[in-house]
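Two complexes come next, and they have one chain in common, subunit A, joined by subunit B in the first and subunit C in the second.
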Partner chain A sequence: MSIQLYITRLKCLVRNKEAMFWCYLFPILLASCFFFAFNNLWKIEYFDTLPIAYVSEGEESESFEQVLEAAETSEGVKMFDIAYCDEVVAKQLLEKGDIEAYIVGSTKPELYVKGSGLNETIIKSYLDTYRQMSVTVTTILKSNPNAIEEGLIDDVMQHDTYIEAVKDDKKPAELLVYFYALLAFSCIFAANWGLDEVVNIQANLSGRGARVSVSSIPKMKLFLCNILAAFTAHFGSLILLFFYMYFIIKVDFGNNLLYLFAVCMVGSFAGLGMGAFIGVWVKKKAEVKEAILTIATLGGAFLSGMMMPDIKYMVATKFPLLSYINPVNLLTDSMYSLYYYDTYERYYTNTLLLGVIAIIFGILAIVGIRRKNYASI
Partner chain B sequence: MQVFKAYYKILKSQLTAVLIYVALFLMLTILFTGNLKDNSNQFETKKVPVMVINEDGQNGLLDSFLSYLEEYVVYVEPKAGADAIKDALYYREVSYIITIPKGFSDSFYENGEINLTKQAAPDSMEAITIDQAIDNYFNIARVYQGHLPETTAEEISSYVQANLKEQTRVHLYGEQKDSVSAGHSFNRFYYNYLGYIIVAAFITSVSTIMFSFHGLDIRRRHFASPITERNLNGQLILANMIFVIFYLVIFIVAGYALNKYRAVNTNTLLFWLNAFTFALVTLSISYLIGISVKSKKAISALSTAVSLGIAFLSGMFVPQEFLGAPVLKVASFTPAYWFVKANGAIETLTTSSWSEISKIASFMAIQLGFAAAIISIALVVSKRKRQQIS
Partner chain C sequence: MVVKVDGLVKRYDKLVALDYLDLQVEEGEIFGLLGPNGSGKTTAINCILSLLKYDKGNIEIFGKPMGPNAYHIKKDIGIIMQNVAVFDELTVYENISYFCSLYIKDREEVKRLTQEAIEFVSLEEFKKFYPKKLSGGLLRRLNIACGIVHKPKLIILDEPTVAVDPQSRNKILEGIKKLNEEGATIIYTSHYMEEVEQICSNIAIIDKGRVIAQGTKDDLKAMISIGEKISMEVFRIEEEALEELRRLPNIYSVEHRENLLEIKSKKGKNNLVSVLEFMQRMNINFGKVITEVPTLNDVFLEITGKELRD
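Let's look at the complex of A and B:
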């Protein structure tokens, strides 16, 4: 019987196209947007050769031209596509947008650009390095004229790296924070489903609630079956989102997948509990309940720093209690702690607190649901 | 003008949603522009809080390195214990931790293998700048060290610092006044974001209204009324246009008021014109959505999905130059891409020469082309709907 109830409720949920869209498709859409929009921010793989012009101004410029021609990115893409011309032509080319910039002079090259975007910055920093290195060479040659024979030029051209990330197998993952936030928000989105479950079962909230209230099924049993069905359907969306991020857009979540699943599961319950709690205890119209829920989840997300990272640190230092009772914050904290810490202490604290909150919400919701009798409604 | 009036009656029911978008957008704009520096043209490096854990002890090389780095960072007192260090990073007291391992200086002089290690917050954009600053210092120091072995660490440090001051002179073509170009960059930022708001708000409101007018019963009622089809559509178009213009005027006025470097010039006018063009395209999209969807709930889903999708892909949120080539290829099939591109071109427009303006005009023409294409699809859909029996 319970199984029948569970399956029926599951069918109801899956057939609700709107809820399915927000829960299943929307997070995936957002994840794709993050991926497409931010993925390149930290990479220079997609570098395209920049068209520039060079105006020698009659100076001896052969060596500088050679340097420009030889410039390559670390992936071996040629940096500049150079047109040699006089300043009038260069200006016209720049005006038309055929070139990104033009360079004048060779000993102290000057840069003429149209705007101040990324490409201009790349050209400028390349010229800066050239100038700095040529000053180095001049300074050294003054005191040590034999330096050229000692391999000065090769030394100058060589670029060593002196800093590396701590060796704990964690690649810097700038995007990870966004994906964690998305996952956390999807968890807490379960609140909408929790609200729905309560509305569907309470006689004073919906017609269907009134109908099931007169049926012979104990209310608690029905409620638990329904919540379980909602959890199944919602957790399915989390798994789908996770698989999409992990296998399709290849987000590197590290070696903590099981821990991540566990906190998602607790988070999903906390969301359901929160929704149910608001559904039972806010005695207002359905729209008002939904609005309160939205404010609660968005407010929680705001305080946990999803919109502005600084907020999180402000809350953590000024109102520490708030960060311990905000379910969204606990969710993101347990996820971030998987990334930042090698030990699981902080993860356990946060997840446990989240679990406690889920249980408190659940108990309060049940207290509100049980023992409601109506002679007439 | 019954249709016209009915339009605004339905619009009233969507007003909250539309106004929320207005309020949200203006709030965010004020928040963001409050953060912008007054002299937004001069690039100023923000100093990053950094913790240095020095296991190598003090010596000339490290002292001068650390004093050099002070140009880029603020030092935070190092903490004891691995957990306390991680906590500092976690709560963002610092965004970057440098560990100088034991034997680093000796290894540096002997071209050894020991490197500094870093831990950076995963979303810290400044980390790259610090990486570069560190590499620059040691690379130049290495060259001096190699070829002028008898110089002291202090001398090397002063050489390096003098070297790094060498900067390329950059001339901004057209020599715009700083305040003028700052005004343009504000406008570019403002109107790019506005594109997202236009899409989100228009689909929410206009689509809902069009949906209401295209219900089967409503259409049948219309056929039975003495108002001709042309009259009906005329009133709808007029109502839509007035809504678009009114909505845009709010934003144009707000954008003008919020802009610290406000000025009315060719560029500003072009920004307005471009926003209007894009609003027309969005109007056609909203119309198409309004007459094709089957339920009102689908509209709010589509409004969020379409607006966010378009905004992310076409460079409204992230500048186009940061997007990958394949993404841009796909994006160029959306009108928003050309809207953003036009805004970019308008920002850098310095002369009112025809060649430059014609380029911008072509971007707007492409947007209008999209509008025409979408309207033709909408007409087909609407024709089909008219022939539908139930």
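Let's look at the complex of A and C:
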């Protein structure tokens, strides 16, 4: 009987096109927007060694080759991975996309590129700097042949690197906040389904609730069946969102994926509990309940840095208590700590707090639902 | 006795919705609860079902006190609410099956009962339809099927024919009679007196939260002084003639409005004959003549001084 009720409720949920859009499709669309908006930023912030080819012009090229080989960023990342070949091969490599560019000659090195982009700009800038240096050194030596002994050339050659690589292989923290906030917001979106479940079993909120209330099935049993169905459908949406972000747009969530799923699960229950709580205890019309729920979830997402990452830090420093009672923030912070810290202390604290919030909401909702009859319908 | 309500009082702040309401519903009858909108019918039903808290009174169903936890009583009650209460995301079949499974554990039994309910309300062709694709009448029939699918002994129908086309209304009323013939006790609330007259074996007229009259339709009609209503198409009649008409034996009310002469007479023989003789004697031309026995509306009008549909 319970399984049948669970399955039927699950059918109801997955056939609700509006709920499906907001729960399944909308977060994916939002993740895609984030991806397209920030993808270029990531590329700027990253630096990988650039594959190039060098077409030598003989022995006089040797010093230029050494310059190319020695080029590195301030963090010690080698700038160029050089293939030495003739021009025909270099052209083929460029056509195939195996290299970003090829350089011919050394006295007046010529750069050949296939398109225009950040990597091409870096190579060109490097080459321009080299040419400029060569001219400067030649000019100095012409006017002062003792410049080398006087250390003048060393001073001229001293210059700052123009590429700074990120310290490790992780994507920038500020951008990840958006994806964590999205995942967290999707967890808390379960609140809408929690509210629906209450509406469907409360006689004072719907005709269906009245029909259920006069049936011979205990209301708590039905509520638990329905909440479990809502959790199943909602957690499915989280898994789908995660897979989309992780495998399709390649968001790097670190290595603690099981922990991530665990906190999402707790977050989903917290959302369901929050919705059920508002459904039971806000003594207003359904539209008012929905509005309160929207304000609560969107407000939570805003304070957790979904719209502006700086807000998260401002709240954490100026209103720390708010950080600890905002489920969306607890969720993002748990995920963030998984990514950035080697220890799990902060993750456990956040997840535990989130669990406590879920339990409090759940208990209060159940207390309200256990009321058997109403002053008015 | 299937339902016994004693001295039920329900207040919404200062408004008294039920004012010491007493009801007795015997097994096997179709009990009609008739009253204008706002008279307290739905409130009474919600109190009987323990959905609403009430201030005073006792309610017994099947001889046992009714309460929110009385699941042993609830399993034998079917409810069809005024508003259609089904899931838009489930088909006709799935909706009926779902509500059946709130009462019945055995899956095979649920299937059998669901099929029977579908046949009962003649929705075989629509069982794969979603509620939004159904017309108002079909939707009402689905609503009824969801309420009776578990074969309850007591079925409560709260204005099930509101906004329903005549064809579906007849189908619903026939269905209610059939359910009663199969052994179910029915409580039927409505403000449509014709429906109540048509199907109910026992009727309570309710106004301002009180039962103002109760009995069979004949009992109720016998309570009032009107025996016959005669309506005649009369285009012109003098005031003196109307006065003389009022003085005829048994006639106690005469009104002429918009070419229609309406005469109410007390119970007695040959009332129509004496009226027709009078018209002939006075040389008053008249057209169509209709005689009617009093309706429940007349009963309500005489007791409360207002129309049922006011």
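Going forward, the second predicted complex is superposed on the first by the 241 of 377 C-alpha atoms of A that agree within 3 Å, B and C clash if a C-alpha of one lies under 4 Å from a C-alpha of the other, contacts with A are read in each partner's own complex, and residues count from 1 in each chain.
The rule is short, and it goes like this: a contact is a pair of C-beta atoms (placed from the backbone, for glycine too) under 8 Å apart; a residue touches a chain by one contact, two chains touch by 3 or more.
This one's a predicted model, so the numbers in the text were calculated from it and none came from an experiment.
Touched residues of subunit A were counted for both subunit B and subunit C, and B has more of them. Contacts of A:140 after superposition on the shared chain: subunit B is touched, whereas subunit C is not. Applying the stated contact rule after C-alpha superposition, one finds that A:83 touches neither subunit B nor subunit C.
Judged by the touch definition given at the top, the superposed model places A:22 against subunit B, while subunit C stays out of reach. Annotation: subunit A has no residue touching subunit B in one complex and subunit C in the other. Contact residues on subunit A toward subunit C in their complex (touch as defined above): 1, 4-5, 8, 11-13, 15-16, 203, 206-208, 210-218, 222, 372-377. The residues of subunit C lying in touch with subunit A in their complex are 12, 46, 49-53, 67-69, 71-72, 74-75, 77, 79, 81, 83-87, 89-90, 94, 97-99, 101-105, 107, 110, 146-147. Those residues of subunit A that touch subunit B in the shared complex are 18, 21-22, 25-26, 29-30, 33-34, 36-41, 46, 48, 91, 94-97, 108-120, 124, 127-128, 131-133, 135-136, 139-140, 143-144, 147, 150, 152, 155-156, 158-167, 172-174, 176-178, 309-310, 312-313, 316-317, 336-337, 339-341, 343. Per the touch definition, subunit B reaches subunit A in the complex via residues 41, 43, 83, 86, 89-92, 98-99, 108, 115-120, 122-125, 127, 131, 134-136, 138-140, 142-144, 146-148, 159, 162-164, 166-174, 297-298, 301, 304-305, 308-309, 312-313, 317-319, 321-325, 327, 347-348, 350-351, 353, 355-356, 359.
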